[in-house]
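Below, chain A partners chain B and then partners chain C, in two separate complexes.
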Partner chain A sequence: MNIQQNSVSENNFEQCIKCTICTVYCPVAAVNPDYPGPKQAGPDGERLRLKRPDFFDNALKYCMNCKRCEVACPSNVRIGDIIQSARIKYGPQHNTSLRNFVLANTDLVGSLATPFAPVVNTAVALKPVRFMMDKVMAIDHRRVFPKYAHGTFTSWYRKHAAAAQEAYPKQVAYFHGCYVNYNNPQLGKDLLKIMNALGYGVQLLDKEKCCGVALISNGLYKQARRQAQTNLRSIRTSVKGRDLDVITTSSTCTFTLRDEYPHLLELDNADVRDRIELATRYLYRLIQEGKAQLKFKDTTPLRVAYHTPCHMEKMGWGYYSIELLRMIPGVEVTVLDSQCCGIGGTYGFKKENYEVSQAIGAPLFRQIEASGADIVATDCETCKWQIEMSTSKPCEHPLHILASRLA
Partner chain B sequence: MRFDTVIIGGGLAGMACGIRLAQAGQRCAIVSQGQSAIHFSSGSFDLLGRLPGGEAVSDPVAGMAALAECCPSHPYAVIGAENCARYAQEAPGLLREAGIRVAGDCRRNHFRITPMGKAKATWLSIDGYLTTPQVGEFPFKSVCIVNIEGFLDFYPEFIAEELRKYNIECRFGSFNHPDLEQIRRNPSEMRSANIARVFDHDANLEALAEALRQQATGCDALILPALIGINRNDSLEYLRERVGLPIYLLPTLPPSIPGIRAQQALQHRFRALGGEYFLGDSVLSSEIEQGRVARIFTANHGNIPFEARRFVLATGSFFSKGLVATFDRIVEPVFGADTVSRPSRSEWYTLHFFDRHEYQAFGVRTDNRLRVVKEGAVLENLYAVGAGLAGFHPVQEGCGAGVSLLSALHVAEQILKD
Partner chain C sequence: MNNTYDVIIIGGGATGAGIARDCSLRGIKALLLERSDISTGATGRNHGLLHSGARYAVTDHESAVECIRENKKKKKIAAHCVEETDGLFISLPEDGLEYQSVFVEACRRAGIRADVIDPKEALRLEPSANPALVGAVRVPDGVVDPFRLTSSNILDARMHGAEIRTYTEVMELLREQDRIIGVRAYDHHKHCDEKFYARVVVNAGGIWGHGIAAKAGITVNMLPAKGALLIFGHRVNNLVLNRCRKPADADILVPGDTISLIGTTSSKVPYDQIDNMIITPDEVDLLLREGQKLAPQLATTRILRAYAGVRPLVASDDDPSGRTVSRGIVLLDHATRDGMEGFITITGGKLMTYRLMAEWATDLICKKIGNNEKCRTAETPLPGSTESREEVDRKMRSKPVVQRRSSISRHGDLAVKIDSRTSIQNSLVCECEEVSIGEVEYALENLEVNNLVDLRRRTRVGMGTCQGELCACRAAGLMGHRNPVCARKAKEDLVSFLNERWKGMAPIAWGDTLRESEYMTWVYESVCGLSDEENRAAK
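Presenting the complex of A and B:
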């Protein structure tokens, strides 16, 4: 008699008891009345869509895929996955506006921009350029653009780091992501510094593509799937071929590789999923197991406020980054309430979402200003952009803070 | 991850236990699969409203002593009448320190009013709710019951029907606002939390005050659905002051705004005391070594287990899947603990919804220190608290919140004494 155990519905949606707790914790529903909220957009709407696909509601595009509904759900319903899967299955199939294409293709745009970084950075900071981008591409003129690095992380790595990595007795592979490669190579260098100090060499994957999170949220599913397949091939080569764990520095990339690939892109990664993890978690484990010890030289007092990104909250891994920060002498950590900053990856760049994005983040910005912290720490690059644009505080990755104080 | 105590379940019992342990300096973690049933709170905490035979209880402490005599398997009897009386004195302080403003007396029940207008005996009520010292002793002779236009989870007619039985003169009022039109575009989402957010804005609250002032002329008091103040706690005082009349809240259908606030207040308190709260995670497996739980493994944390000297099972009852009913038995899914139930499914329930169903008293088997029993043997460092305990009927006896709070404090004391 095992009928109940066997009656499992896709994304657990039959488990929804309509309690509405998800909608209480939805950052979008709280400020945008055009969005019907996760219960309606997710399990309720799914019943209708299963009956007739044209019940698909275009307002589902307002979901920014933060997954806070899933974290709040007492019944383990994968509400966010239901909504995103519905967009993939029933939504507009050719959603390739120039704007969405540019925002989604972080990889392509990054590789075009980095050789001309000084020019690009100056240009996108100019009012007339931002005005044009607003009018022509519907990218909000008030949005501050992330700066591009002059030269990518991978080119630096090949020229200056690759050879030295071989000398370390232990090795890990690193999925650096678009942000480290095109915007902030320093974070990749910080990671190398930390891992090297612990006796680990850092290898790049054979071939790394953008994880695809922005492609998924901008409706470019086929491309997302292709890139995911490339990434999974490379990850398998590292994990299975060379027995290397794959570490990452971006919470959203990590979440996409581990959970969005199987849930949204229907790519089975069960054989390697447990070997993909955030570097902060990897370090935490090494230190807890007594396999590594960090030595610090700079112990000047620093007040750090940690912001938990949405996908970090979903993974439940904020603890590792926070604990690592707490291990640094002189660092005093306060943990900000876990709430969405409003950027949602490319969501907040879009003209139609700008106001909503800033309204979602407002309580967090207020808490940051009142925290008395010297610096905000977070594991997500888009949260960093949003926090630096919307508050008076700098925002850095926990590993940057850690690396800068290492002996 | 190493902790002194790991609590599985972040509802009222888990949180109360965690707060007490963290207060005593323990390093605690709570692992919770989503938000808890506190979101469905009536705004009151029941200790004991009726004895199993149906006799009404006016003095819960005396009632718990009587229970200890007649029902030795009731959690209050297991905890012991004297201990219960002591914890019942302590518990309101724990809630108030978290910022939940409750009033009530464990020696004398008062009455809360349900969304249907019925009076129910209770122990503690959150500030602002309509309560009466005795059934029918309302603090007004005439009242205006105001609803928000289009809000379907509140029933002024039913409430008036009950109040009129006690010769209370009832009028109806309603309120609308352009900002409410916005949420009304999704009629199914015209729910408490969405409406409450509208009233968190000063201008909207002022508009409500103005409308209430006009509609209440000639009345002694106003009744509102508990829809105000989701992110601020001064809304009710503000309205009372602006309107110049007593304003009382009545619970709505879920989600409950005061419940949401209570949940967040407890969570904040636990964290402020140094507790670690892991939300949205579920326990997948555990390792038991020599009669003790050594570690648990969760969905989110995979190969990094939670290790602790003690574990507390606070996963609740059927709603939160702390207990799962299969066709032929009751399962405790986290540890596979022994459960107290009836062998034949036909004995689990009757065909009358409001009966005292046997399944409601099913739960985890424990010893007299509330330690969990598995395969007939006590697990020495695993305690059970809250709705998942066996031997009580939370609805019929009106004792759900009491069992959660008192068992939580009892287990915290056991852990700290060891």
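Presenting the complex of A and C:
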């Protein structure tokens, strides 16, 4: 008889059998020799940190939390989570440089910037301003900043869309995220157009905060946790109070709400997790199950190259976006090799990471240039910025392409 | 060749190494002979517990007093081998609280600080402890690394002129009438006999001392009691956990370096079986069953390996458990006891009291050879323990943090000698324990390494969760590079290292440990093609 026969340890890192495949797949380890790689930073390092917390290595900050190590791991070790949790538990507790604060607070900075969007957009594009930001804040001067929108998505929604949504027989809730709200309200409008065409009204959550992914990666854990709690409350009201599914258009927001909340912020979301979904997957299912049908007007040939964002790969949902694109008449889809574009959210904005970020993305950029595609599609906003900055192609969300060709 | 010494010490455990150091510090010309590597007997096969003495306080006052004195000294002279964790004696509902007051009183009588603390406070200090505990006493238990301790003693002895010969086995005690005048020993590397002469021969063979004494026709009756232990993959606890009850099986959980270990069992074994330790399924079950009462998460924590040692107890009665026997030090002057001059035996005792045992033995040697030097080992720090961890850390700032701290915890202030000038030297051999190429090279140069298993004892190569899966071949490559031997021998060494790792995994080969060992087999047999060598080695 053996006591351990049917037991599974809570310490997930014990499952690591040191095969090292995670380090082979790590985009950072491949180009940055200062990063010890996921195996060492994760399961190996955790054992040492359990011995003494001062075995924490600051090089863990080079992990950009892409989770490709977890996708590669045949032993189901949550390597990326181990590394991020170690940063939370053992890392510097007051990591709030001005730069990290600005990059992390997408919500706050977005709401400050949108009223002055024309000025802000022009300013951050100016060489002297970028030079100053580089010197003062260590935001790399070569980085092209995403543009802010003239007015937020939510204000547009309230003024022009909210009332009409009530009329639809079926309803869905929408977690728009910071990007749609401050940078690209058009994507939100595209989603409304598509859902409305299928007979669905789109509701906003009672109260939505930034999902917190940038706060987590910049060390602002307490704030991340507070915002997560607000979001979970709102999501619960929608899911449980109004029986509405919650859909999102950002792969990273989706991943954060579903998986990072319980794994990194220790917030139990099991009661609502399955009802939080990526819009493309939601749509694909509706169409596959014959519950909805889309009519297209524009069928001019368009060659689209799809890039699978890291968190999309982790969720295993790239398939839905790709298949959805393939349903559009006239669209020819090539799937790019699944590899990191290098931006890693706010990671690539930091001066110290710029070179690494571009080196990681280089093979992808080359493939995009050689693809002959008219446009690149992806579900992640930061991938979009990186691809548009680093290649000659425009990059859009699959739903934007879909919406623009609807009847 | 000069083969005459003041003293010959037989046995390279902590005691033998301690005597070699003590003698050399007092200007006595010493030779230490060890049939295998240093710390291969009971020294390297125990809990690695820096006893406060609390465990013996109730049953053995004398041992408890010796322990707490040596505990305080070791924290000073062997700081880099010791971790001051403190320990808890917890009372579970089934134990009751009656023993606690007896225990605390006995500790105080022996001079051991013993603070009764609130169960909630105990769980805050040690979250892995059984939450059902009804009482807890905090004592100054700690952790000691026996390999490092022995190695530093050897290093210091050599620095002061002692000669250390490992893999040299004493075959015969040379006798001239009623006097032992030297030994005939077999060198396992050169495959030849050599004779060494000295005025005093010290038998510090631990449990094997029984057989050594027998070579002089002298009976030292030892009571071999096997103790089995389990090593868990990582640290479960940070304070030593004990049960507050009469000493029994599997009631100590020690956080040693990167792992935790539970032990021990106690069973009498025949003397002819002391080189043949096998862990039985019953022992594994017992260790787990009792262990999870101390820390419930042991029921689910991955086990790395199982091993057993033999307590070198001197039989005073026929107690089959070997537990009521005193752990006291036994120093026998065979001149007065058996009429045999020039021969003494030091045995009994425990790792905790190795220094005191060495002091007693060296005092007797001094008396016999007319040396008046005083013992200095109680005050003189061992090599590696002369500077604080923080000071050494500051000196090594340029090295990667994890590697730096790992090497400092293994070598103390001697870690600065590890060459890290090139990026190759900073590359890792052992990833689980963060052993760099530079550190392996340092060990090969300075720490008397003859094979991969020796290297493991000096550096922890292969002691992590992968048990040699990634590091064994790298280390073998480095050893071959430094000391070119024929490929066949290098492979044989690799095979014997891997088999030694496997021996410890076999009794607990299930779950992730089994999965990992299968992967390891695949790497070495299928990819490296080691299976042929293994068959040849077996023949």
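In this text, the second predicted complex is superposed on the first by the 397 of 407 C-alpha atoms of A that agree within 3 Å, B and C clash if a C-alpha of one lies under 4 Å from a C-alpha of the other, contacts with A are read in each partner's own complex, and residues count from 1 in each chain.
Operating definition for what follows: a contact is a pair of C-beta atoms (placed from the backbone, for glycine too) under 8 Å apart; a residue touches a chain by one contact, two chains touch by 3 or more.
Being a predicted model, the structure only gives us computed values, none of them experimental.
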item	value
Partner chain in contact with A:D274 - chain B first, chain C second, else both or neither	first
First (chain B), second (chain C), both or neither touched by A:C73	first
Which of chain B and chain C A:A30 touches, first, second, both or neither	first
Which superposed partner A:T20 touches (first chain B, second chain C, both, neither)	both
Which superposed partner A:K314 touches (first chain B, second chain C, both, neither)	first
Chain B versus chain C as contact partner of A:V335, first or second or both or neither	first
Which superposed partner A:L48 touches (first chain B, second chain C, both, neither)	second
Touching partner for A:Q40 - first (chain B), second (chain C), both, neither	both
Chain A residues contacted in one complex by chain B, in the other by chain C	1-5, 19-20, 36, 39-40, 44, 75
Chain C partner contacts - residues on chain A that touch it in the complex	1-5, 7-11, 13-20, 36, 39-40, 44-48, 50-52, 54-59, 75
Complex contact set, residues of chain C against chain A	233-235, 255, 257-258, 281, 284-285, 288-289, 292, 297, 299-303, 400-402, 405-406, 428, 431-432, 434, 464-466, 469-470, 510-512, 515-516, 519
Chain B to chain A touching residues, read off their complex	1-2, 33-37, 39-40, 182-183, 185-186, 188-189, 191, 193-194, 197, 231, 254-255, 260, 271, 276, 278-282, 298, 300-304, 319-321, 326-328
Residue numbers on chain A that touch chain B, as the complex places them	1-5, 19-21, 23-25, 29-30, 33-34, 36-37, 39-40, 44, 70-76, 274, 281, 284-285, 288, 313-317, 319, 335, 338, 363
